[in-house]
Amino acid sequence: MSDHNPNAPSHLKHYFHDVNQQYETSKFAMWAFILTEVLTFAGLFVAYIVYRSWYPDMFVDAHKLLDVNKGLTNTIVLITSSLTMALAIWAIQKNNKKLSVFMLVATFIFALAFLGIKYLEYSHKFEVGQLPGLYYSYMGPDAMHLNNPHIFFSIYFIMTGLHGLHVAIGMGLIAWLIYSTQKGNLTSEYYTPMEMIGIFWHLVDLIWIYLFPLFYLIG
Amino acid sequence: MSEHHITPLKTYLIIASLLLFLSGVTVWVSYVDLGPLNIVVAMLVATVKASLVAFFFMHLLWDDKKNLTLFLMSLMFFGIFVTITLLDTEFRGDLGLNPEVKNPINNRAAFYDTLPLTDTHGHPVDGHSDDHDKDKDHH
Amino acid sequence: MLDRLAEYLFPKQVSTYASDIDSLFFFIFYASVVLFVIVVFGMLYFSIRYRHRAGEDLKLTSSKDHSSLLESLFFIIPLILVSITFVWGIRSYLQMVIVPDDAIEIKVTGQSWFWTFDYPDGGTTLNELVVPSNKPVKLVLSSKDVLHSFFIPVMRSKMDCLPNRYNVMWFDSTKEGVYDIFCTEYCGTGHSNMGAKVIVMKAAQYDEWASELGSEDDDLPLDELGAKLYTKKACNTCHTLDGSALVGPSYLQTSQMWGQERVFDDGSSSVIDDNYVRSSILEPMTQIVAGYQGVMPTYQGLLSDRELDALIAFLKTLNEDSQI
Amino acid sequence: MSENKKQNYLNHPKGLMSWILTLDHKRIGLMYLVSGILFFFLGGLLALVMRFELAAPGNDVISNEVYNNAYTLHGAIMIFLFIIPAIPGALGNILLPLMVGAKDVAFPRLNLASFYIYSFGALFAMYTIINGGVDTGWTFYTPYSTQSSSNVVPMTLGIFIIGFSSILTGLNFIATIHKMRIPGLTWYKLPLFVWALYGTSLVQITATPVLAITMVLLMLERFLGIGIFDPALGGDPVLYQHFFWFYSHPAVYIMILPAFGIISEIIPVHSRKKIWGYKFIAYSTLSIAFIGFLVWGHHMFTSGQSVFSQIVFSFITYFVGIPTGVKIFSWILTMYKGQVSFTPPMMYALAFLFLFTIGGLTGIFLGAVALDIHLHDTYFVVAHFHYVMQGGTIVAFLGGLHHWWPKSFGVMYNQTVANIAALGVFIGFNGTFFPQFLLGLRGMPRRYATYDEQFVELHSYSTFWSGILGLSIFLAIMNLFWSFIRKNKVDPGSNPWGGMSLEWTHTSSPPHPHNFEEEPVLQHGPYDYDKVIVEKTYNK
């Protein structure tokens, strides 16, 4: 391109005028992506709301089979990881590479802890047969009177499973961020990827903020 | 890119502590019986938390308002989806017409009829000694 | 003129609300024709009147690009038309959902691929709905397997049959006769063969028919009863008598192979005899003839012992020359 | 001759890899175009097989099973592999950056990724065909789709994957339209095709995620029996229909809005006249996109949903009609006091106005609940949506192809043959689908492989004309293709119709690899035929 400015920073793509246009475009697209994420979960929330209104008693009783303590721990873990993620961006804005990497590693570890606790929860459910759909087999004294509890567990597993999948994807992205920040690819001049992945990570937190009361704290 | 807004550290820390505090509140409230209000309170608290995350952690407060618009749009379409679907699922057999259409014919899925009773660990117990098992649990 | 057009476009009007629905159709139809003529005339007139003639110079064209009057008309006129349509549509629809209290209640069950009708005084028919004229009939619909939809064109009415849930429709027929019923929700291989008939008869005749329901066949010889059941119980939807294969094997083929081995899709085989035929009617999914799909529903509970014997007797009588 | 050797995106850079890994939106658009048209032919072939079978009442050509597979694949291929990706993916990709004066879309890599995701999804669909097809209808209604032994899972997986491609394209376009316009190109100076793509993209990113999750739930229902959609397990088949139509009704607008955009370009250019009611057309695009989300229940008027929602859905449905009507009148008034040329694109645009008006008006019949109950799932519905989808979208797509063909590929087709083909499409189409309205009124249900004797006359008319329709479409496409083979090149500076938007005035035909040799400066709006005379520079 004849009009390409040789002084432009290396991260500026040739089809953008300036870095600010590129930054704003990425951010706008990221929010458009968040919109699609919200609507993906929307389908599941609709299923939840419809079935909860059809089976109010079953939902109240089936939720007692979930472990509130693990749920609360996970809430705290995820909120803290959101904070460390935000601080990683804050640190890179201040050009403090070391702190930024430290915060990213912390976020990664919290994410791992979240999945670990989730694993414990799931494995208990697998053991006792509180499984989705036709695999449901738990008929303990606290559940034998329930009307179609397999639907509750289907929705529980699909929603938390899809959320868990997002956590896992987020971990992969954060691992890549740790690598690029450590290598010095991201600086206070150009940290768009970290900001974008940050938004994604906060969305994961945001969805959990709703999942937690809806599954663990039904009145 | 020095022109980007940099949120002060203090703000982040205050927001995070607020979020943790509200998580505690929502668990505490769930043990207080407020009847149908429980779900309302839980959702209100969750929405306050979600707004804190969106406005401060996700920087929506300082961003281009187009981004906020996109986010609000997603909530609006979610609202449309829920509301209109509920217009059907909540109102079948309404107007007092044809009450037989309101509920399914068989409420419980057939596969439960063949499921053996279990104890709290998911191990099958003998169906005939059902009553004894219940007694044991009361001890 | 209008009547002849209606006769050409629609099937007969047999229910009380059919004429109202047809009038709604013609209201929208004429409004649409007017709008359509305006659109097409405007399009042709402008494009021809203002066409670019050969050799004509290119010129600056008019900058007229709006007219508040026209634009508000584009809003207001359609708005009025659709408002009328909406109110009319809903008013007629409410007629179709509010069932009169004195309606006779008949249960309709769809199953791949035939219809079962259970009458209030007991008795069941397959693929033949018999109703009295000038008396409201309420149908309570459901399905045994997948979605079906119960459509009677002459009544202008239709309703989906859902598994594990009831739906309701009703009609009050004004003319005696025999009319078509179609399944309009796709339900698999035999979807297009899932037709039935509705027979509207005078009330007195219906009462007589209803009281005889179920007892009329007692004195028929077995093979004649079987021939009757063959159509009445919808066997003909999937099995022919002339040797050609439909969804299932032809009865003629089974009859000709009597006493011989038949191979099934799992490789096993069995001799064709009374027991084989009986079990393949009652438990059709256990032995599936090689080359066919296992799609037949069970007739357990739908056929008495005598009726089963009748079908077997009928099947044995078949040969290449038999005409039904 | 030396002029023709100029660098353009088709000849520079060279080599297979430069195509496979291209980030150029025009090349990606071309790849979408080729694959889209191949799927169009495949879907069309299936349609002809069906029409052939329906020429006579019995099972004369194919069995019920084959017929059920044919109509399912016809629907799924036409919708998910051709119409939804083809217009935004092909014409949108080629034109959008040119129209807003950008060097490329906002995310070229993502753009290429969407194409490959689409191809990957298409592989699953092709696998479905090879492996024996799928027989549930493109709607996959439960519980039939959870019980059917055909390839429901590969097909739904394919649709799930193609959904991502659709989302990413929409995302890319929205970001491009918002952020990549050249200075001075304000919202009201955008060509209306860009507005249409904007509306389309909004629907794509909001509705498609729900389709994705619906397909996941359907697959899980088959694997695990989760009991959300399967009535035997406590689920509700009507809820499935809500989920499915929450996407699939707005999807109708993903299909028709770009067609509106194309028509809004063709008519002013070929009438050399400022478009009538620019703002009305632009806003009606957005309001149709929005209202489209509120009306899905009119696909469910006989499903047994509550009486309350029947009334609400019927009410809102009519509000789609009003902005659509505004558009049609605006297009017609655009020709008033213009200089109309009967070029092939204009012939398609006029055919569109005729056919789409019928398609739209018959929608009013279906919006009235009482009448819809009689017409639901009959051939009336089949005819209605073919008048909208084929008479509307595909006719507009063909018009758009003819309109931008010299721009995109630098070659000119035989215009006489193109006009004959357009006439053939118009007549063949009406001959095929008008009898189907009458069939539907008389109660002929859809998705029937065999039918009653009473319907035979109209069915055989329909079959006869479908042959003409098929041949005409084939002729139209081959005529375009032939110009490519014959290298019937146009002058690089050519502006054969006298268009005024940036793609005509500021770049060569075919365009430069980076779109514009120098950054374009906006001189006038896209429809200012009252201020500037743009010469037609193509003479042949």
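Every chain is named by a letter (A, B, C and D) in the order it is written, and numbering of its residues begins at 1.
Convention: a contact is a pair of C-beta atoms (placed from the backbone, for glycine too) under 8 Å apart; a residue touches a chain by one contact, two chains touch by 3 or more.
All values reported here derive from a predicted model rather than from experimental measurement.
Visitor: Identify the chains adjacent to both chain A and chain D in the sense defined at the top.
Guide: B
Visitor: Which chain pair is joined by more contacting C-beta pairs, B-D or A-B?
Guide: More C-beta contacts join the chains of A-B.
Visitor: Based on the averaged CA atom positions, which chain is farthest from chain D?
Guide: For chain D, the chain whose C-alpha mean is farthest off is B.
Visitor: Could you please state the distance in Å, as a whole number, between where the Cα atoms of chain A are centred and where those of chain B are centred?
Guide: 16
Visitor: As a quick test, compute the distance in whole Å between the mean CA positions of chain B and chain D.
Guide: Centre separation, chain B to chain D: 39 Å.
Visitor: Express in whole angstrom the distance between the two chain centres, defined as the mean CA positions of chain A and chain C.
Guide: 49
Visitor: Let me have the rounded angstrom distance from the C-alpha centre of chain C over to the C-alpha centre of chain D, please.
Guide: So the centre of chain C lies 33 Å away from the centre of chain D.
Visitor: Can you pull out the residues of chain A that are in contact with at least two other chains?
Guide: Only 24, 28, 32, 35-36, 39, 42-43, 46, 50, 134, 148, 150 qualify.
Visitor: Show the residues in chain D shared as contacts by 2 or more other chains, in ascending order.
Guide: If we look for residues of chain D contacting two or more partner chains, we find 178, 206, 210, 227, 231-234, 236, 238-239, 242, 304, 307.
Visitor: In chain C, what residues contact two or more other chains?
Guide: 97, 164-165, 167
Visitor: Please list, in label order, each pair of chains that touches.
Guide: Those chain pairs satisfying the definition are A-B, A-D, B-C, B-D, C-D.
Visitor: Which residues of chain C touch chain D in the complex?
Guide: Those in contact with chain D are residues 9-11, 17, 20-21, 24-25, 28-29, 32, 35-36, 39-40, 42-43, 46-48, 50-52, 56, 58-66, 70-71, 74-75, 78-79, 82-83, 85-86, 88-93, 95-97, 145-147, 149, 151, 153, 156-160, 162-165, 167, 180, 182-193, 195, 247, 293.
Visitor: Please give the residue numbers of chain B that touch chain A in the complex, ascending.
Guide: That would be residues 1-4, 6-7, 9, 12-13, 15-16, 19-20, 23, 26-27, 30, 33-36, 38-39, 42-43, 45-46, 49-50, 53-54, 56-58, 63-64, 66-67, 70-71, 73-75, 77-78, 81-82, 85-86, 89-90, 107-109, 111-112, 115-122, 133-134, 137 of chain B.
Visitor: Would you pull the chain B residues touching chain C in the complex into a rising list?
Guide: My answer: residues 97-98, 100-101, 103-106.
Visitor: Spell out the residues on chain A that touch chain B in their complex, using ranges where they run on.
Guide: Going through chain A, the ones touching chain B are 19-20, 23-24, 27-28, 31-32, 34-36, 38-39, 42-43, 45-46, 49-50, 53-54, 68, 72, 75-76, 79-80, 82-83, 85-87, 90, 93-94, 127-130, 134, 137-142, 144, 147-148, 150, 188-191, 198-199, 202-203, 205-206, 209-210, 212-214, 217-219.
Visitor: Show which residues of chain D lie in contact with chain C when the two form their complex.
Guide: By the definition above, chain D touches chain C via 64-65, 68, 135-137, 141, 143-144, 147-149, 231-232, 236-238, 271-278, 280, 302-304, 307, 310-311, 314-315, 318, 321-322, 325-326, 328-329, 332-333, 335-342, 346, 350, 353-354, 357-358, 361-362, 364-365, 367-374, 376-378, 438, 441-443, 445-452, 498, 529-536.
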